[in-house]
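Encoded as structure tokens, here's the structure I'll be asking about.
Letters A, B, C and D mark the chains in the order given here, with residues in each chain numbered from 1 onward.
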Amino acid sequence: MKTIHLIKPDFLNLKMDSPLVLASGILGLTASSMARVIRFGAGAVTSKSFNLEWRKGHRNPSIIPFEHGLLNAVGLSNPGVDEMVKEIRLFRQKSEAPIFASIFGRTIEEFAEVAKRAAEARPHLIEVNVSCPNVRSEFGTPFGDSPQDTAQITRLVKKAAGDIPVSVKLGPHGPGIGLMARVCEENGADAITAINTAGPGMLIDIRVRKPVLSNKTGGISGPAILPIAVKSVYEVYENVRIPIIATGGVTHWQDAVQMLLAGATLIGVGTAVYYEGMEVFGKINKGIEGYMRENGFSALKELRGLAHE
Amino acid sequence: MKTIHLIKPDFLNLKMDSPLVLASGILGLTASSMARVIRFGAGAVTSKSFNLEWRKGHRNPSIIPFEHGLLNAVGLSNPGVDEMVKEIRLFRQKSEAPIFASIFGRTIEEFAEVAKRAAEARPHLIEVNVSCPNVRSEFGTPFGDSPQDTAQITRLVKKAAGDIPVSVKLGPHGPGIGLMARVCEENGADAITAINTAGPGMLIDIRVRKPVLSNKTGGISGPAILPIAVKSVYEVYENVRIPIIATGGVTHWQDAVQMLLAGATLIGVGTAVYYEGMEVFGKINKGIEGYMRENGFSALKELRGLAHE
Amino acid sequence: MQTFPIQKIIEHGPGVKSFYFPKTFDVRAGQFVNLWLPGVDEKPFSVSAVMGDWIEISVKRYGPFTTALMECREGDYLGLRGPFGRGFTLQNNALLIGGGIGIAPLRLLAQELNVRGLRFVSLLGAATAYEIIFARDFQKQSVCYFTTDDGSMGKKGLVTDDLVDIIAKEKIEYIYAAGPEIMFVKTKELIDPLGLPYEFCMERYMKCGIGICGQCVLDDSGLRLCVEGPVLNRDDLKEVTELGLLHRDASGRRV
Amino acid sequence: MQTFPIQKIIEHGPGVKSFYFPKTFDVRAGQFVNLWLPGVDEKPFSVSAVMGDWIEISVKRYGPFTTALMECREGDYLGLRGPFGRGFTLQNNALLIGGGIGIAPLRLLAQELNVRGLRFVSLLGAATAYEIIFARDFQKQSVCYFTTDDGSMGKKGLVTDDLVDIIAKEKIEYIYAAGPEIMFVKTKELIDPLGLPYEFCMERYMKCGIGICGQCVLDDSGLRLCVEGPVLNRDDLKEVTELGLLHRDASGRRV
């Protein structure tokens, strides 16, 4: 991927050639996989969310397409912190692009512990997933629905992470994403990732007469949720000054530009890989660059939040 | 529309030829409009939500299509209870099909007052809209996000409505739709309508660099939200015994069957009129009937909730 | 919603302008588009002509929206979506009756009739000469009768004054009309006794333009003007009881 | 997800069956589908043949999923989505090396080569005779060599035992292989020195089948077996460092 000067973001002093970040849970299990995503034009990658011990997650079907997006209830399957620390280290050897370590915990304390262990691998950012909707039956309401829990997790992770910056990943529902972002900022977060999957939703097969996902319900991603994500980013931008990793439904470059205008500094891309292939990163980069040239912008930050004026 | 025996629903002893109900806010301003919808095959209609005084609502654009559904922020524009009472009466003269009066209030007390006034027109059901997401800036958080408010509104409306049955219309987000449905049932609701629009969402025009809706954000309806609606209906069915008017994203007969399997007694149809025209009611009726014949069902209630087994 | 830059603006006279936009869809006479002026409002407008790669929209200043529109410059981006509704059918030996800015949709109709080689006669009226937009184009394509309130062009008076005479003289077999509602009422009174078939291009307050909000539905027919209209024919209008009476405003109230 | 009824079931022997489903898409040899057994799980399976309006899927019992599948009856509805992945390229003078249920994708490959008039030779091995599914069909289309662990069909031993000799004798120019991973390792050792091009149809634990979960990605290439595979060629495999080594389970751990 040739470096395109125009679209270099200004995010926490990290060196990136594109504002696009591979979203957590997509192709983020191994160093090899994430390094390949960089070769296709992503500016940074986010690992699959991991916690202390490995987890099998939910049985299949755990990821199913419907006409307008994907439903997934992977159930936070992951190989555990030991394995992921190795993969993050390996990635850092393979690639100069930043890697964000996505972490979660079953308890508030586990978040801090995982953050501490993850920090050993020196990721460029720790992303704190407080908003997975797919482990409700196991863990209860996501921590991200509670301002108190989120505040505490942010504080503890921030401390455990040392000098590594921390982004908190919020869901679109719950008690107002603007409020939650403020809580994170006040408790030391360096960035906000918005959003996780929406819904959740369910699809029932009318022949078999059963929910298709083994977990019955699953989070919704992809084109269907773009308006929810744009609205969330717009709202977060109005509430905090820390940068936003805008994620949710971005499939075409026009969607990415909407996110920038709503207030994004970086843009997460996940499900679009299904719709547009690995080439999606290069295509969106090119589209943003074309838009900037056509409209006389010379840096990404000139676009940021323009829709608020 | 020829009466199709197979698809007569069993809903609160109302005589209906189809389980399809025109959803509130769609073609529900006048008796003429609603009577025409019945001629296209709906089993019942719901009026536009109204309150005591007429309201202009938000400026245009207030309803915009995106690739996977509609965004709307009509802002509860309505001609007020006086006018709507006249239209409901007129509808009852024109048609034998049931009409549901959708009401809202800016205060808890107004709900009761509107219900009392609406009852004068003898609608077959009063639907209580506690979940409109588009008047947040004006009214604050929807009442439907608070179990206490919803309980009180349900009780007051139920009393004001006298012998007219009451359905409470819930949104998909907030503190758990299963819990909210239980609150409504415990406080006397005769049915649950699920769901109102999802999100809300926002779309930004990348040339003009502004949110397209005059209200900036709007509720999402149509195909994009079907999985959220199916999941909500499934959850309500697990929590209450009163019947469900399942609404949200139903566009094809297969969607309607999903709703029945999830636990619906009636099925609301709104945005599909945009995608499939007025013929959508007839098409879905035919599709459900075909499915029932093919699979050996002889009454709608045999399908109800089958996906839970 | 897609936005497009204004390609060109023509001023016919104070408060009457035509705007040109890139043509990105096919459109038939009588169909309309929704114009979005960011920060202001969105309103329906007939397409008044198709010229190569451009579509033309012609506007008269009334209230806040059209006033804001008059201030737009070439190159400004406006939202434009459509085309919505059903257009005119194309008939021979027709009379085109236009009142004021109602002349706009008739201009595209004249283009279409002309292309098909169908004969028509134009009867156009307005407050003053420059409001009879593109009068010269109509004259090139058809016999024309003009009326103005101030007598600045054609006969002084209302467009309907000589209607019955013109119908007889020009051997008219079909009527198209577009203009203020009072003009429809007058026209209907005069031509119903003659048994002539007709199509009116009507206006109502609109919200969605796509047939779901119910704002533009006509009593007693239940027809949605944005989908089954805005052009209604004699049969449609038989069931419309509100012609020339109250309309609905943004709240849905009759005003 | 779409569900379809099982049209027909053939039992080859204990724990080995072929299932027939309506054909609703085109599929190429090497591509696979995901089968959903409601209430049980969803797993990938190669399409082993296309017969008129049906597709055939051939399965050997291993664990819980395939055990449940063995209990299905004709008429049962199963979820089926696909086709996923890239298939085999079609080459002349090829050797098809199949081990156990790996014979399944080679059966469709044989059909395709045959239709194109391309010459091939089959070398198929399994634990016992009935596990060499559709042996007669292979014999009709090609010279065949069989091996079984118990000697119940063909030569007793492993499929790779006489590989180099057969390549020389049959003037083989291209290799296709499908079977257990250990067979690939052996095969690769034997043919790499010969400089022959090859394609292996591989298996990994899969979740999404659509290239997003990362579960099936191969070290060190980063290739997704469900999209860039399941058929990998010599060039692809040059970058795969995990062949015959650890795989990832449902958690993503190497096991």
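The criterion applied here is as follows: contacts are C-beta pairs under 8 Å (C-beta built on N, C-alpha and C of every residue); 3 or more make two chains touch, one makes a residue touch a chain.
Worth saying up front: this structure is predicted, and the values here are computed from it rather than measured.
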Averaging C-alpha coordinates per chain, one finds the centres of subunit A and subunit B separated by a number of Å equal to 34
Dist(centroid_CA(subunit C), centroid_CA(subunit D)) in Å evaluates to 67
Distance in whole angstrom between the CA centres of subunit A and subunit C is 51
Touching two or more other chains in subunit A are residues 203, 210
Contact graph of the chains (line, ring, star, complete, other): line
Chain pairs that touch, by label, are A-B, A-D, B-C
Residue set of subunit A touching subunit D in the complex reads 25-30, 32-37, 39, 48, 54-57, 59-65, 70, 74, 77-80, 83, 203, 205, 207-208, 210, 212, 214, 270-271, 273-274, 277-278
Residue positions on subunit D within touch of subunit A in the complex are 1, 3, 34, 36, 38-43, 77, 79, 207-208, 210-215, 217-224, 248-254
Within the complex, subunit A is touched by subunit B residues 66-69, 71, 172-173, 198-204, 206, 209-211, 216-217, 220, 223-228, 230-231, 234, 254, 257-258, 261-262, 291, 306-307, 309
